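Two complexes come next, and they have one chain in common, subunit A, joined by subunit B in the first and subunit C in the second.
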Partner chain A sequence: MRELQDTVKALFDKGEIDLFIGYEKGTRTPRPFFVHKAEDAENLIFDAACSGNLAVYLTRKDLTGGKKTGISASYYALKSIAQLFDENQLKAENLRIFGVSEEGSVQFFDSVAAIKQHLSATPPPAKPDEDELVGKINAMTASERWKFWSDELSKCFKCYACRAACPMCYCTKCIVEVNRPQWIQPWASTLSNMEWQINRVMHLAGRCSDCGSCGTACPLGIPVHLLTHKMSETVKEHFGVSETKENVLSTFKPDDKENFIH
Partner chain B sequence: MIHNNCLQITDKGLKDWLAKIIAGGKQLYAPVREGDKTAFKWLDSVAEISMEHIQTTQSAKAVAFPRAEKLFSYQKEKGAVTLQDYNPDNLSETVIFGLHPCDAAGFRPLGSIFNWDTPDKPYNERRKRMTLITVSCTKSDEFCFCTSVNGGPGNTEGSDILLTPLKKDYLVEIITEKGQKLVEAYQSCFDTPPENSDKEACLAKVPVRFSPEEVSRKLSGMFESKVWETQSERCLGCGACAFVCPACACFDIQENSKGNSGDRLRCWDSCGFSLFTLHTSGHNPRSTQSQRWRQRLMHKFSYMPDRLSVIGCTGCGRCSRACPVDMNIAEHLADIG
Partner chain C sequence: MSNEFEPKVVAFVCNWCTYTGADLTGTSRIKYASNVKIIRFPCTGRIDFMLLLKAFANGSDGVIVSGCHPNDCHYTSGNFHARRRWMLFRNLLDFLGIDIRRIRFAWVSAAEGAKWAEVVNETVAQLKDLGPYTEYQKATEFLVANENELTEEMEANHA
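== the complex of A and B ==
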């Protein structure tokens, strides 16, 4: 903790950053915290409970536009940052990216390659509760699964917290906001809620870091992150892990499999 | 014989009463536990009711102000248009059981907005069919702040009947004529109260965080303040806070059209969304998240007290519990006030 605070103070003192995005103590769990000057760095914290994906703020031009920005990134935030670089959404010269190891030591990443190297050498944090629920859903018959998701998504009131919390949902105009033509009915109902989630998940194909922030953000506790999780597994199974900047959503090859079309 | 409009009911009597209300043809909306959350549901059986929660995920406002409401339908044929106006005839008589005083109180700001100039037919038709059986709070958490917005854990405002869990049974306070009717119809379920029912001793202790008058006074001079940018930095711009709020009434009008016919719908909207108040011209008077956060606090704690003589907040704390980034409203208001 102390090391991160000192590192951030030094960055401000040397004029290397104008803004640092980290975590501070929240009401129950740590919350995002924006540091604008060296003395505020004292409130920074970073531990296993700091799980919200801060990469979501890096594409917010109103917050970070024109600013040299530092960020303390969790495992999944690093994954999202690497993906955002691949999608040409970030400028390396404006960013100072830090990870924090389990022992609390601060690790500086000087390039996307260094982040990717770190990610390939680090196992993702365990998610036992999610694994259990995924196991249950996988064991369901198609009709049981339909009922499970119909029940869950009937609750959705379209607050779009899942979208707002996602670092990869950086579109300035989301498909649900397009009304000429209106692709998705904008009011909340079971069917239109499903349409929204299917679209959200498809747009994240090959891009999702599987951080789970969408599910954590849902005020109604709908496990929407399991949809993106399942999609990530499916993408890996059918297309493998991309070694290049290409991703499943935005890449087309003439020899792509078409055996799913009946 | 009802003494001082107070009665007492046992746990078993309460279940019998609610079961008889369902059997009598009224729709019952009550809290049901699902995993670590509790939500209001339409129930056929009282066995599912849970009262262990501090707060349900959503308020009960959807009964009077559904997330999507059909205002009218239309058909076009050979240039002629026929309209079917909102028809309240099929709306059911409803009993909401197990809401807390902060939710019952929420129908005052909601009703004030929906009756501001033109009385709103769908809201008023639904509201007049509702009877509220509220349960006082015996516990609270760090997000509760009803006592800072003129409420309290045993507040009777908005309720037709208020139940307070005593050591063993429930104290029953009959607040309105509607409540009186619902008790009189099933009088055998109730007992008269013992002489000294100490209601206050059974209530949760909710500390006062700020003075609403002080907050309102300060807000009136804070439109250009830098505080909005600072407070809203972490806000992600979703609608979770508005949708769980018992007093938020903003809505959007949508069209569900199919060829030559369709429905005009009223749907929940949120001042947190970037599309909120976006004009057709492309101009948005609230183009940044900080302006939208300012609108949220100003509307609830300055404009509504000024124009409707009611605070647009009942201190239920749901917005703070629901927020993915802990935009704790009581904390922000305490910083201002």
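== the complex of A and C ==
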């Protein structure tokens, strides 16, 4: 913690940043914290409970526009940042990226290449709960799965907190706001809620860091992060880990293998 | 007249291969099930996955998606892109419990008039076994379909 606080303080003192995005203590769980001056740096914390993906703030022009910004990034935030760079959403010169570990060590990354190298050398944190739940759903019959998801998603009231929490949902006009044609009914109803999630997950395919912030953000506790978790697994299974900037769904291989097109 | 269930099928096909192939089925005077309504697209790459969902929501019991064989796309790579999309989409639908046996993916070239008839006939035969897709259609009318249940629930909460 000290190391992070001192690092951020020094950055402000040297005038290297105008804004630092991190966490502070919250009422029950830590909450995002925006440091604007050196003395606030002492409120910064980082531990295992800091689970949201702070990368979501980097594309918010109202927040970071024109500012030299620093960020403390967890494993998943780093993954999202690398993806945002690949999608040309971030500019390196305005950013100071620090990877933080739960033990409190701080690591500065001076390039996307350095982030990517770090990510490929670090095994992703295990997701035992998600794996177990996805396993349970996989083991159900199709009608049980349908019952499970239509029950869960009938609760959704389309607050779009899952979208707001996602670093990759940076479109200024989301498909749910498109009304010519109106693909997805704007009011909450089981089927259109499902269509919303199907679109969300398809649009995130191969881009999602699998951080799970969408599920954490849902005020109704709908496990929508299981959908993205499952999708990440599916992408890995079929297409492996991509070495290039191109997204899974904007590229192809002539010998992609499937067994259902006759 | 028989009372046998006649499934409604929507086929999303590309202009260059499957649509022309289906034309050939007709000009070759091959008979096939009349349950299918064909919608023509410039390319399989243009077949948005939402169209499949909309077909189900609007009462289709099954869907056919078909286009040029790999390497035969009029636009070189539309079908390759579509194939990736279907691979992921199909998996996601299955995870949600949507009945993927009701979606038939095929490659049918402009020369394969007989294959088109086969694809449609097989799909219709399978859908006859599976029956109408009421499970999905019910969700489109969640509020209507559950009106009694919801009213009871509300009354119970008020009592």
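What we mean here is this: the second predicted complex is superposed on the first by the 250 of 262 C-alpha atoms of A that agree within 3 Å, B and C clash if a C-alpha of one lies under 4 Å from a C-alpha of the other, contacts with A are read in each partner's own complex, and residues count from 1 in each chain.
Operating definition for what follows: a contact is a pair of C-beta atoms (placed from the backbone, for glycine too) under 8 Å apart; a residue touches a chain by one contact, two chains touch by 3 or more.
Remember, it's a predicted structure, so these values are computed and weren't measured experimentally.
A.B. asks: Judging by the criteria at the top, classify the pair subunit B and subunit C on subunit A as clash or fit.
C.D. replies: Aligned through their shared chain, the two binders clash on subunit A.
A.B. asks: So, does A:T29 touch the first partner subunit B, the second partner subunit C, both, or neither?
C.D. replies: A:T29: touches subunit B, not subunit C.
A.B. asks: Kindly classify A:G221 by the partners it touches after superposition: subunit B alone (first), subunit C alone (second), both, or neither?
C.D. replies: Touch partner of A:G221: subunit B, not subunit C.
A.B. asks: So, A:R180: does it touch subunit B (first), subunit C (second), both, or neither?
C.D. replies: In the superposed model, A:R180 contacts neither subunit B nor subunit C.
A.B. asks: Once the structures are superposed on A, label A:N138 by its partner contacts, choosing first (subunit B), second (subunit C), both or neither.
C.D. replies: So A:N138 only meets subunit C here.
A.B. asks: Subunit B or subunit C: which reaches more residues on subunit A?
C.D. replies: So, of the two partners, C touches more residues of subunit A.
A.B. asks: Per the contact definition in the header, classify A:K14: touching subunit B only (first), subunit C only (second), both, or neither.
C.D. replies: After superposing on A, A:K14 lies clear of both subunit B and subunit C.
A.B. asks: If we overlay the two complexes on their shared chain A, which of subunit B and subunit C does A:L191 touch? Say first, second, both or neither.
C.D. replies: The second partner, subunit C, only.
A.B. asks: Pick the subunit B stretch that clashes with subunit C in the superposition, from 24-32, 60-68 or 150-158.
C.D. replies: Clashing stretch: 24-32.
A.B. asks: Using the superposition described at the top, list the residues of subunit A that contact subunit B and also contact subunit C.
C.D. replies: 189
A.B. asks: Okay, in this complex, where on subunit A does subunit C touch?
C.D. replies: Residue positions touching the partner: 137-138, 140, 142-150, 154, 183, 189-191, 194-195, 198-199, 201-202, 205, 227, 230-231, 234-235, 238-239, 248-254, 256, 258, 260-262.
A.B. asks: Would you pull the subunit A residues touching subunit B in the complex into a rising list?
C.D. replies: Listed in rising order, the residues of subunit A that touch subunit B are 26-29, 31-34, 52, 56-57, 62-63, 155, 157-161, 163-165, 177, 185-189, 213, 216-217, 219-221.
A.B. asks: Considering only the defined contacts, which subunit B positions touch subunit A in the complex?
C.D. replies: Those residues of subunit B that touch subunit A are 34-37, 39, 57-58, 67-68, 142-143, 233-234, 236-240, 242-244, 252, 254, 256, 265, 267-268, 270, 273, 275, 288-289, 320-322, 324-326, 328, 331.
A.B. asks: Can you list the subunit C residues touching subunit A in their complex?
C.D. replies: Residues of subunit C touching subunit A: 49-50, 53, 57, 70-71, 77, 80-81, 83-100, 104-107, 119, 135-136, 139-140, 142-143.
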